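In what follows, subunit A forms one complex with subunit B and a second complex with subunit C.
Up next, the complex of A and B:
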């Protein structure tokens, strides 16, 4: 794989730009940062699929397209299957000698939001991972169904308010824990699984490169701060993401071959989760006295998870 | 390079095996599939050809039929020949992606072994799944026996992949009555069959990196209508290519296929319109009734279910002697007349003969349709013809246990 330089952000950001700037994503949306990092980290040809969602509806509205690469969208749930179907065709045609340029290096990548990854497309993703295709699935996790106006997903954390898990006089918002998609994907025995964040752009680009280089099905969950549904100022996307990674609400780590866990970012100063929650409108109600216990619960969960990650890293199993 | 499969001049194949041999001879690049009774042997067949070197393609065993058609769409967009098979619930699960495949103009071939839809769960043959697909934008061709289950997929690749068509094609056969019934089949030699189907010509393929393409874009009120109209036009223009391919196939094999098959319609006084394996039964019954009682019965069968051959049906029914027609639907009508009744009636309305038309629902969930029952229905049509009006309800059920059911009363002027 042709790896591009990731030493300098300015240089990196202008490299091999295959997602055109003219798209309809919200100002401050992290999706385009993540997608562009993926596309900038390799010079190989890309066959990309997207599930229905914010990314898809914002980048391929006929007669326009933002994709300067092969791209396909079928439905809400089946981007993993679409791109692995294409990967199967690549193998068949390569064997038969019907490719126009059989030596052109190519990588297969699927994008989905948390709605299509954690929920409606879960079965399709699991099937594609199990079948062992050579592809990378990237989840743009903004923890809600943002494309349809902010309903709960199984990636929505405890305490966040969404239109279908609302905070009110009798509710503090979502009551259920976020699904641990990274652990589930690692349990598929995938050769490379990671959770990455665009504020730590070097580790993200390196993780993407690792996934693209690794043969077999790879999965990466990326934190994509959502200005409209998390409710923060569009200029604060990276700031909010910094708070997410520094509070360990989103730990950055990788799991190799289903078991070897490496923590990729250790905050020098771990901040209390309260600081992260306070930066977003979706958690405002938690600061009422009657909901303080929820913040305590969130902190407790974070501490326990971080402890678990560290022990697993230490144990090397 | 795939090995040649040695075939006898005459083979004894059931419909499933016949279809799988057609897929092999077309050297399908990718089959993404999920097994379901009664179509499972088609994809098992493809799997065995891959495992034994008779095909160079990729066999992708996905986790559901929705996944199967999704994989087919991704594979087809990557510029190669794609096929799969399904039935019934699997077909129903695929429906979302069927619309997407046709909207994206990807010439996938789907061999459908027709089976009832639950509930109640039933594995036997009827046309519920076939009818479910009728608005999905696919070409639908119906095979009535094993030979046709072999011939028509070969034609289907030619039709769907034709640059003037570029649409997905379903080839139907009846569950069990065709799929599991062994009959004599005359196959083509591998090289002859492949030559007939031809090399796949990629269009807007995702693996040509010199020309990036976007597949599956979004359109709203500004463009959606134009896209759907264009898609409909492609379907409506397809008969030209279908007829050409059928003509070429006849030249090669001597076997003739028409978009509407007619039997003994030249002097018919009454006629049955029906699909699938029942056609053979109906033709036999008609011949016997002509001999035994002198009732002039004809049979009309839309071989091409979509695009619906309105003009050819009208032509087939525009027989001056024709008085009464019974349209037989092998699918639960769900609170309406059967689909075949509605579509055939529309075509018959503009004939000069303008025959009386009634509707029978029959054969649901694999209920047998035998010669005696066909004769009874034909005689009933003769009674309508003699009386000069419909003597029963317009819609009835054939072969049903319990009290007789009839719906939609006729109006006598």
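Up next, the complex of A and C:
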């Protein structure tokens, strides 16, 4: 595989972008930061498919496409299905000798939002992982169904207000815990699974390259700050993502072959989750005295999860 | 592969040009949009100005009208760290051979992320009103800020 240099940003910046501008994602949307970086991590041909969601809808507004690679527009739940179908066909044609350029390196990638990954496309993703196709699935986790107006998904954390789990006099927003998709994907025995964030561009690039290089089904959950539904100023996307990784709300780690866990980023100063929550309108109501217990619960969950990650890393099992 | 849109509408399968728009309910069999004219196998090694984009590629479109504020770039202070390049969500930082050249105002939406991630002091990118003249913005660029003790 032709991986590109990620030694430093200057080297990385010599890549020629393959996601074009004038897509219609909101100003400051992290989805395109993540997608651009994936595409800049390799010189290989890419066959990409996207589940319906902000990314798909905004990068293929007829008569325009923002994709400089092969890209398949498919239903809400089917990016994993479409791209693994393409991968199976590619392998079959290679075997039969009917490919025009059999030596051209090609990678298969699927993008899905959290709604399509954690919920609606879940069984199709699970099936594709189990069948063992050689592909990389990247979830753009903005913790809500952004494209349809910010409904709660099973990725929405406790306490966030969404259009279908609204905070008000009788509720503090979503009451259920976020689903642990990384653990679930690792439990498929996938050779490479990770959670990465665009503010840590280098670890994200490394993880992307590992996933692309690894044969078999790889899964990466990426933190994708959504200025519209998380309610922060578009200029602050990276700042909010910094708060997410430094509060350990989004720990950065990888799991190899379903068991070997490596923490990829240890904040020098872990900040209280309050700082992360305070930066976003979707958590504003938690700062009312009657909701303080929710912040405490979130902090407790974070601490317990971080403890678990560290122990698993130590145990090397 | 087709140069244009390959679509089946009431008149059967045919090729359509970019101007020849069909409604979503007229397209029944699928659509292929080619991003490039001719052989596209080496675009990964071509800079934007070397590529042969078709009219279907959003590179040929503009979102400049979204902006109410815009980033202005000051070459004199820039250290070419490429922070703005890596985090621009709109592929609007023009960077060539490790050098930051400026902003692609056709594709920039004015989010302001580039200004926030710029590490120099004073910043090499600042936001101004869309209507402000860039030269005037540069003439009035702020001085180095003293670190608060």
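Operating definition for what follows: the second predicted complex is superposed on the first by the 313 of 317 C-alpha atoms of A that agree within 3 Å, B and C clash if a C-alpha of one lies under 4 Å from a C-alpha of the other, contacts with A are read in each partner's own complex, and residues count from 1 in each chain.
Everything that follows uses one rule, which is that contacts are C-beta pairs under 8 Å (C-beta built on N, C-alpha and C of every residue); 3 or more make two chains touch, one makes a residue touch a chain.
Predicted model, so just to flag it, every value in this text is computed and none were measured.
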* Looking at the overlay, what does A:77 touch: subunit B (first), subunit C (second), both, or neither? -> first
* So, does A:63 touch the first partner subunit B, the second partner subunit C, both, or neither? -> both
* **subunit B versus subunit C as contact partner of A:238, first or second or both or neither** => second
* Based on the superposed arrangement, let me know which partner A:29 touches: subunit B (first), subunit C (second), both, or neither? => second
* Identify the partner contact of A:21: answer first if only subunit B is touched, second if only subunit C is, both if each is, neither if none is. => second
* Asked: Regarding the shared-chain residue A:98, is it in contact with subunit B (first), subunit C (second), both, or neither?
  -> first
* Could you say whether A:85 touches subunit B, subunit C, both of them, or neither, answering first, second, both or neither? => first
* **First (subunit B), second (subunit C), both or neither touched by A:124** => first
* Overlap of subunit C and subunit B interfaces on subunit A (superposed complexes) -> 45, 60-63, 65, 67-68, 101, 104
* Which residues of subunit C touch subunit A in the complex? -> 5, 18, 21, 24, 31, 33, 35-36, 40-41, 43-48, 51, 55-63, 66, 80-83, 85-92, 95, 97-98, 104, 106-113, 115-117, 127
* Structure fact -> The residues of subunit A that touch subunit B in their complex are 45, 47, 49, 56-57, 60-63, 65, 67-75, 77-78, 81-86, 88-93, 95-96, 98-101, 104, 106, 123-124, 126-127, 130-131
* To do: Would you tell me which residues of subunit B are touching subunit A in their complex?
  => 29-30, 32, 56-58, 60-64, 66-67, 70-80, 82, 96-97, 100, 104, 199-200, 202, 206-210, 212-220, 223, 227
* **Partner subunit C, residues of subunit A touching it in the complex** => 9-14, 16-25, 27-33, 36-37, 43, 45, 59-68, 101, 104, 198, 201, 227, 233-239
